[in-house]
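See structure below.
All chains are identified by letter, namely A, B, C and D, in their written order; residue positions are counted from 1 within each chain.
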Amino acid sequence: MQLGMIGLGRMGSNMVRRLITGGHHCVAFDVFPDAVAAVVKEGATGTASLPEFVKTLDQPRVVWLMVPAAVVDKTLQELVPLLEAGDIVIDGGNSYYIDDIRRAGELKAEGLHYVDVGTSGGVWGLERGYCMMIGGESPVVSHLDPIFRTLAPPIDSVPSTPGREALGGTAEHGYLHCGPSGAGHFVKMVHNGIEYGIMAAYAEGMAILNHANIGKRHHEVDAETTPLRNPEHYQYDINVRDVAEVWRRGSVISSWLLDLTASALLKDPALAKFSGRVSDSGEGRWTVKAAIDEAVPAPVLTTALFERFYSRGESDFADKLLSALRYEFGGHVEKPAGS
Amino acid sequence: MQLGMIGLGRMGSNMVRRLITGGHHCVAFDVFPDAVAAVVKEGATGTASLPEFVKTLDQPRVVWLMVPAAVVDKTLQELVPLLEAGDIVIDGGNSYYIDDIRRAGELKAEGLHYVDVGTSGGVWGLERGYCMMIGGESPVVSHLDPIFRTLAPPIDSVPSTPGREALGGTAEHGYLHCGPSGAGHFVKMVHNGIEYGIMAAYAEGMAILNHANIGKRHHEVDAETTPLRNPEHYQYDINVRDVAEVWRRGSVISSWLLDLTASALLKDPALAKFSGRVSDSGEGRWTVKAAIDEAVPAPVLTTALFERFYSRGESDFADKLLSALRYEFGGHVEKPAGS
Amino acid sequence: MQLGMIGLGRMGSNMVRRLITGGHHCVAFDVFPDAVAAVVKEGATGTASLPEFVKTLDQPRVVWLMVPAAVVDKTLQELVPLLEAGDIVIDGGNSYYIDDIRRAGELKAEGLHYVDVGTSGGVWGLERGYCMMIGGESPVVSHLDPIFRTLAPPIDSVPSTPGREALGGTAEHGYLHCGPSGAGHFVKMVHNGIEYGIMAAYAEGMAILNHANIGKRHHEVDAETTPLRNPEHYQYDINVRDVAEVWRRGSVISSWLLDLTASALLKDPALAKFSGRVSDSGEGRWTVKAAIDEAVPAPVLTTALFERFYSRGESDFADKLLSALRYEFGGHVEKPAGS
Amino acid sequence: MQLGMIGLGRMGSNMVRRLITGGHHCVAFDVFPDAVAAVVKEGATGTASLPEFVKTLDQPRVVWLMVPAAVVDKTLQELVPLLEAGDIVIDGGNSYYIDDIRRAGELKAEGLHYVDVGTSGGVWGLERGYCMMIGGESPVVSHLDPIFRTLAPPIDSVPSTPGREALGGTAEHGYLHCGPSGAGHFVKMVHNGIEYGIMAAYAEGMAILNHANIGKRHHEVDAETTPLRNPEHYQYDINVRDVAEVWRRGSVISSWLLDLTASALLKDPALAKFSGRVSDSGEGRWTVKAAIDEAVPAPVLTTALFERFYSRGESDFADKLLSALRYEFGGHVEKPAGS
């Protein structure tokens, strides 16, 4: 079927490619003409302005937004006046689900339909297919089924869960209508919260392996420092690159993130080209806020988020206060780095 | 090659089966004669006592212990006097790596070799193959290579990490010599620590999805309770069974533990047959202790461990003290369950 | 000076008493006539309705609301139309500071002034005085200075911070103008977040002392359970009642919350009349949300909040999923309580 | 009574001063003759060698060790052969209680008595008195009662816990016999674990206040960064110096550590002379290990420990791995500091 794509960054352009390969017709727009030209070469219909984009689409129009969450509302402000009753707008980016609820109401007042789609798969989606979590009105979501089925991974790319075949539904096909407006991004939000937790679990574990030779280092003895009690227990030079690889094979913790860990450590076992300042991009924060509102304890997901804050030096004032307090009550002077 | 297996529980008997299928010869012993009889039916040579077991094995003997960590030392007390110089003892259970270091020294004094093997794969290992992390002397580990290669998953059961082929080594074959005595169980210990973290990440996330309809519940208004500020944001009845399935397909958080999550929720979406008392079996605790000794922050792995303690009601006294304090400073009376 | 108090619960009526004792004139209103009658006996002017209350006050009126956070807006809806330009409304309860910002704007449009006062001191405030954190316009806050000074503890009730005398200001007098609207409740919110953290620190520590005799208990040996490695290290029957008392005297962790801990344990060392279901009342949650918005890591305050959720059984689904996963990958069956 | 002090650092020399002021007779030894000379000026009997020190003391000798935990065993190796049956050795430093258990056994074999004393009070103890937690044999602890009573704060320096007077005992006098050998340092260990938690609670809270103006900063918009949703909610320039002071006065979180916080922020509101590298000195780590052995959840105390590890950059490898993973799955490039 026909789909209009606004936003041809990494994700949007790959989706256009996968849709075209799957036999769909894509009309494309981006504020950067070069991005449009690139997908035109692969079979998309390019447009040079939002009005042209809208005019090129058949009614009821299907418009997929793949733009940064921070500019969705701005894009909608320009787009919505150009649309007509019955048209469908899909937000496939990383919007906060609370914005979806609001936008769905606003668009409904204009006779438009709003569908929120949380999309996972990253730069690998073109090849593997995208996992999609969808929120919106049932008939509208059903209407878009051919799009979702093409974007998602083929059912046989992953072994079936035994017993699942009796159930039917689209989950096995890699996309799921999760509920009314916002439900798609809500589920995607929690997905990313879990992602933070899993990443942190591997990172902490790998760090423990990486420091397993700490008993070989010299430690001075003074009143401030606890000497390592049993240095003979920490004499291991663990090859974390090989450990990541072996865990991929038959272990309980094999996963796609572990595959990527093995790949990253293969390229650069010391990870020397990274400084370790870890960004966080919204969903992790929102997941914790949801947990709090629901009174559901989520210390692992929260701690994983805070670890990213620490990595960026955000605990600076707190740390200084701890040092100041140690000085106040015990006369303890800070030890310089490297000691 | 020939291998003697002591301990024919779930893990030990499955390993015997996999080894026999792979062309090896197994001599088996267990304190329960029925367990011995079961593997004899599948081609193992059964023995009725430890002396008979040792006598049946060719020199240098290869003895694999697959017994609870708590009885390894007791078994060694009986076994070691029966062995002869050059024999090899493998501990394939869940020993603390610190015990490995000690035992390796004790056996070396008797002219024996000790190899520690951390084994992951659980009840699925028979079918999928076991992931093995190995500690000990290099020539001894090399000598046992045929055993490890048979127990491990075949190399083509998992897609290669691109670029890995140039490296060689056994990691791609599902087993890894991690270092001297204890290194195998050290790596396995951290593996399980990570496992706790990943499991907790999924569990917390699923719980947040499961409570996404909390806005539908009635909440009373009093000075003690914070009313949910935006109940309209928590009106979702999420089908966690289907979410687990869809995440298996193309998402960043696909993993074997997610496969099992999907399987568990498929059988019983409400998990009604579980009470939620979660055991922990040593490695999670030891991982945290190692992190502390190494001064490596590991809050996610630690929190995942503590969640299990909470699940068993171990915070009882602390919770009572919090209630008592709230009563002391604010006259706050505890609210009964269900309110 | 004259002050009108709406809300004569525990906190409001005690404040009226302290103000009257301090020479101020209080006009009082509450929906429960008995509450009004009680403070009339102590010298307040009672009123039977909101209109009567407003009429009784001199202009510019000073109205202090001491009602549950959840009914502040409802109270303002009835009160505001009765007030006149220049009147001052103080919210002394536990409002979310974000509501203060909104309300201050709404009241400003009516020519009214809004002051938010976070108040700490609980049931002890009548005797000790209240610690007040204040947000609002400077001239209005200055106008109310006599009220704050009376409600606060006398300066000599706490030893001076050496060097502080040179600074002046009201902080030494137990109240502080923290900034524009919302600043008072913002600081109070963080105060309570800290309170959660401190309470949790004592509770966890006391629990560790309370279980220091765990080595005396019998533990069975099986593959699921880690035996306590050194039971001889956990043979202490610590008297936590006496420990709390001794820590009050010269230790680094002496505090008012420790005083209350000592008091609670003195009355009931086993805390047997508490079940351990710990409420949380908003500020702890909001503190974490603020930390997240600010990208400030706050794992201690967050964990302290989550401990309260755990105490109320809110991790039920997550725990069941962990048990289900352990069953899936390892065939582990849950152990019953008490084992 | 007579007491011999070995170790005349900050703590040891102050204790000698307090004992002499209290009418006791002190014999002093330190490896630094200047330290001995300093206390001789204040009335102590100085000695120039360990044999002279021992010879100077009357039998049964009372020897108090106030040396770094790491050199206690070395000191005992030299001291014990010089002592005679019935002599008493007190370790007043920060020993691991597990070492106390071992040492008590070793000294008992020589007919000597060993008493472990956990001491809190830091540099303030000379003036305020020391809080002491004591482990050892009851008759020996009773024999030392005059020493403990002098070192501890006077009973009337802290208000009584109401109802406590009926109980008797020494807790009100600032020292407590907590149990057999090791019990003193066990309780002190947990005391310090709690101290870490409380300090972290204040530090996190103060940091949240300190960043309450984050809404004033400009934030760019891109796909990697979550814009602050409501910058208007974070416009506060909070004076943390004054907040610390006001909380000392009537609030629920007043404490000695808060007094020190107010003092530190008074001297230097920006804490500019501290870099924020926070040491940890053993007890915090041991507390967590004890919690794990006891299966008592202690996430607040643990997190407070890990915060110190973070402050020293110990998460470096883990952070790099997170960045590497983000690059692998999403092509996310690290953002430089300051962006």
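Some observations on this one:
As a convention for this text, a residue touches a chain if its C-beta (ideal position, glycine included) is under 8 Å from a C-beta of that chain, and two chains touch if they have at least 3 such contacts.
Going by UniProt, the chains are A, B, C, D = 6-phosphogluconate dehydrogenase, decarboxylating.
On a predicted model such as this, the values are computed, not experimentally measured, just so you know.
Looking at A-C alongside C-D, one finds more C-beta pairs in contact between the chains of C-D.
With centres defined by CA atoms alone, the chain at the far end from chain C is B.
Taking each chain's centre as the mean of its C-alpha atoms, chain B lies 43 Å from chain C.
With centres set at the average Cα position, the gap from chain A to chain C is 37 Å.
Note on chain placement: the centre of chain C and the centre of chain D lie 28 Å apart, centres being C-alpha means. Multi-chain contact residues of chain D (touching two or more other chains) are listed as 122, 200, 202, 204, 207, 211, 229, 252, 256-257, 263, 280, 285, 293, 295-299, 303, 306-307, 310, 312, 315, 318, 329. Against chain D, in their complex, chain C makes its touches with residues 97-98, 101, 120-122, 125, 128-133, 152-153, 155, 157-159, 161-164, 167, 169-176, 178-180, 182-183, 186-187, 190-191, 193-198, 200-202, 204-205, 207-209, 211-212, 214, 228-230, 232-239, 242-243, 245-259, 262-263, 266-267, 287, 290-291, 293-301, 303-304, 306-307, 310. Chain B meets chain D in the complex at residues 252, 280, 285, 288-289, 292-293, 295-299, 302-303, 305-307, 309-310, 312, 314-315, 318, 329. The part of chain A that touches chain D in the complex is made up of residues 9-10, 68-71, 94, 96, 122-124, 199-200, 202-204, 206-207, 210-211, 221-227, 229, 256-257, 260-261, 263-265, 268, 271, 274-282, 285, 299, 303, 307-308, 310-313, 315-332, 334-337.
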